[in-house]
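What follows are several structures.
In what comes next, chain A is part of two complexes: it sits with chain B in the first one and with chain C in the second one.
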Partner chain A sequence: MKQMLNSYADAAHTLSADSAQLAVRCREVSMSFKKKNVLHGVSFEIKRGSIVGLLGPNGAGKSTLMRILTGLMEPSAGSVEVLGSKPSVDTLRDLSFLPDRGQLPNWLTAEQWLGYASGIYPDWDRSLENQWVRKLEVDVSLRIATLSRGQEARLQLLTCLSRRAPLVILDEPFTGVDLLSRENISSAIADEAAAGDRTFLIATHDIREMESLFDRILLIGDGTIKGVYDTEALRAQGQSVESCYREVFA
Partner chain B sequence: MPPDIIWNLQDFQIDPSRPLYEQFVEQIRAMIAKGQLAPGTRLPSVRETAASLRVNPTTVMKAYQELERLRLTITHRGQGTFVTDEADAIRQSRRELARGAVRRMEELASSIGLTLEELIALANEEE
Partner chain C sequence: MNQYERSRPGHSFDDPLLKMEMRAFTSYMPTSKNSAGIWAIGTLLAIIVCRLAFADRYTPEQIYLLGAVLLWIAAFTITFTRILMLPQNAFREWWLTLPVPRETLVHARMLGSLPLTGCFAAALWLVATVHSVLTSAITDSPLYADGDRIIGAALAYAALYAAITILITFIAMLVMIAMQGWRQWLLPLFFSIWCIPTVGLGVLYITHPDSPWLAAGRVWLYSAGAFLLIPLVRRLCLNLIPKYGFDWIIAKRSLLGGHALRASFLSSRTKAQRPNARGFKSLYALERSVFRNISAIRWVRMVYGILVLGTTAGGFITLEDDNWVQLIRALIVIPGIFTVTMLTLRFNLDINKRRLEWVLTFPYSRLTVMLSRLLAAWATSGIWLGGLAGGMALGAAARYLFVRPEHFGSHTAVLCGVYMIAMYFVYIISSSLASTLTYGYGNRQWLAYVSIPILMLAYMGPMLFNQFIMPESLIQSGISESRWVGLALYAVIGLPLSWGAFVLGSKGIATTLYMIQARQRKQGIKTFE
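Moving on, here comes the complex of A and B:
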């Protein structure tokens, strides 16, 4: 019996080690700036095609972790794989990133920006762009400087979703965004996730708006992973994403 | 071909601490049993449903598969998913809903020390 259990464990291990099915794998990732430890021994995996929430209080290390996944930063220790490769300039091609407090060139109109972006990104899809302009109700004739925060957030998301990149990483897509724009954005994410084999990693504080969207949640606090949960499994035990979050962080 | 209806989040009462797919199955099943969703109605696709309810597409797919397994819906390749027009399947689903309701009533009755028949008799007793 014990042997059987062991062989199951082995099988599970080889399954989880099958990187072809993984969009992201982090092993013992640590990051320190000067003497400050921002991430410590972070390990997790994200399966392709899933929508994963990265949840945790301010200063937990979410943005740093996302920047490491994009290759903008290299971890002090540990290993990271994004779609099977180490994050670098090369993996940027397969990854669409919405940074926290990102800045679009505000002297352009939204239309000029989208024209420019379509030239930078080889995987830009004009028909996707048109679809999202319509669904996210972005007035492309407006100058970016004159957009409200909600309009600018929708334009940023539109920029991410108009690419065919298989991995989409969104850092706080809802900051300063009104209720209806938030609903529009989460509807767009559900739609895009249903359309294809895309993987989403989303950091957010807006648990109520997003909890139905997530397959899994990664809870991160003080630079370490506090838990990884399958959301439907949590609910089967009578817990909501919110109550789980409270239990872990309260 | 567009669907005959579009789901709206207000059509559902979702409890965030119960499996979502179960709740969608229960509530769509009740809509079919009550005739609120008529036989032959074309349902929105998984993608349309995920987008309009802002819910994980895998959850919607699971709910749709369960409805299909219960023979309450039928999928025609390339055309979409439809509410069944087999009166049998709907009848059976109504029966199961009725049994569930009676079971809950029985539990309620036994919590005050009565059988279901006694509960009904007591409720109908004249002043």
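Moving on, here comes the complex of A and C:
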């Protein structure tokens, strides 16, 4: 079984030459903190318009990788291209990022925060915001300090999704979100991606709910890419994302 | 029955609960090569500053007393800040539901910060002692001629420092009972206890070198009195805090938030207007909203109102004989300290509250983001100082209209006032710009050694200014040409240097994430994946 998985992985892992079609390209990216390797030799590509899952156990290096893609951190070695450029403030204009367990300014109401966010992000779409407020059932008149964990997670997510950014990077978007909202979110992401002009990179542990959504999955463990799989190819072989994950990490 | 119930509320040093409480402060203590280096450099710098600033003008006892004042403020602040953070602490519910009596929880917390405060006390004592020995060795000052006096003071003040460390930490713990209900009326009492020693800062000016109040014999008595009080305050803490000091934590009531999560607040819908600024203006408005929120807190408004009334009275009283310049001199210290403190607090809160990643992924350069923050802090300082100055002007106008003094507003006094305001203006701008340097040393250790002394200097600025650059005698002597030249040089050289530090700090601000990540990995805390 491992051999079969490896053959899918090799096919999907082959680096493409056409960078215009790519939203993300990482080549031999390594990262170390105080002599400890967090990432080493990470290479992969993400095509524009696709939904890619970044999956791996705790401590695998997912958040570090996402921070590198957003330009928050610079890799110790290797090269990264996001939408054809090195991650910087310029790429942040076209990239919507949801940090893992981040918090919003809790002295504001949700409405006030969205007001500030709409001014701060140049690609903010008010109609998208209204649509997401309805879909995610966020009460914008409430103070953020009084929101439950799930409500705040939904508010953070709607902040990311109310932008027209061509690349959306979500780090654990479902933490604290209830089942029905998770379904709402995943179906909404599917709708968003259907137009083909937005790319999603989602790190999550909720594999089952997101399984049907992913075009590809990147499996990362111990700071290295364990495999890049085309989900259609997996399904064609009677494999699920979950079983593939178990196979690689078990 | 668990081990805590068997032996409550005593703790041995291998007690896991006590170890956990102490662990919260370990990273600030000299426990690693790097942190020990920072402590050593800080202590050395303090010795140099002490030597340059005080030389042999003050007695060893006066220097020790200054250390005691700083220790008092630090011991209270460390404990008080930790208490203030309790409702927001993510570990809060775990802590509250640990299977031990609350008395034990309180006791462990009371002891938890003592090692850090103890290190601080030891460093202060070392600074004062080295200063005394050094001054005795290299000068012929009669104040430092008596070796027995120096040894006596060193021993007596060591005991006093130990007593202050424990007593003030325990008293600060008692704040927990005053966070809810009618007991909030006790808060001014605690604020007074916190601030009382600042009166002691004037000790260098008012005490006579041979004052018996500061002599070793009396200090032994103070220490004995404090040590006698310690068991009493400890008992008060253990009896009162478990009964009255936990409800506000459970209700997530925050003193800084100003609103409890009461049912009324939870269900309240605010009709606050949606902001509609764009671009940098929106960024700035977001930063300003923090201070607007603080200004809206009832007790902050009350304290500010009292201060405005105070400056109004001050303006009325000091109009005569140019005394108003002294009032300006005192008032202007407030924004001097406030601006850097607020910026440091905001940054630390952003890290603790995990807002830093949101802020750093705004599509603006880090310089722009930090500039919006600085502008918001400056604007707030200006507005708050403006209110105080307005109060002062109102008082002065009332005096002028109703009880006009014979003499006021000499040319020298006006020039002196302008000089002080200009000096502080440059200082506030440069110190807040330079303090940004401390944010950028995440993976550049060398920068820590440069930036931490700069930050310390920024905090000590007002004291050094009032001591050397703007002494009280300035109103009589007037502002010489060389002072104006000095101010101009400070602006011309200091501001561009501070801007350089600001650029360096802002550009490296994301390196804080490296530092946190490295530290958490070292500590085995899984926070980032």
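The criterion applied here is as follows: the second predicted complex is superposed on the first by the 233 of 250 C-alpha atoms of A that agree within 3 Å, B and C clash if a C-alpha of one lies under 4 Å from a C-alpha of the other, contacts with A are read in each partner's own complex, and residues count from 1 in each chain.
Just so we're on the same page, a residue touches a chain if its C-beta (ideal position, glycine included) is under 8 Å from a C-beta of that chain, and two chains touch if they have at least 3 such contacts.
Just so it is clear, the structure is predicted and the values come from calculations on it, not from any experiment.
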Room on chain A for both chain B and chain C (clash or fit): fit
First, second, both or neither for A:L72, with chain B first and chain C second: second
Touched partner set for A:K226, first chain B, second chain C, both or neither: neither
First, second, both or neither for A:R164, with chain B first and chain C second: neither
More chain A residues in contact - chain B or chain C: C
Which superposed partner A:E111 touches (first chain B, second chain C, both, neither): second
Partner chain in contact with A:R48 - chain B first, chain C second, else both or neither: neither
Chain B versus chain C as contact partner of A:R27, first or second or both or neither: neither
Distance of closest approach, chain C and chain B, by C-alpha atoms in Å: 26
Contact set on chain B toward chain A in their complex: 14, 16-21, 46-47, 50-60
Complex contact set, residues of chain C against chain A: 257, 259, 261, 265-266, 268-279, 281-283, 285-286, 289-290, 293, 353-355, 357-358, 360-366, 443, 510, 513-514, 517-518, 521-522, 526, 528-529
Chain A - residues contacting chain C, complex: 33-34, 36, 38, 56, 58-64, 67, 70, 72-73, 89, 92-93, 95, 97, 99-109, 111-112, 114-116, 118-122, 141-143, 145-146, 203
Of all residues in chain A, those that touch chain B in their complex: 51, 183, 186-188, 190-191, 193-195, 209, 211-215, 231-232, 235-236, 238-243
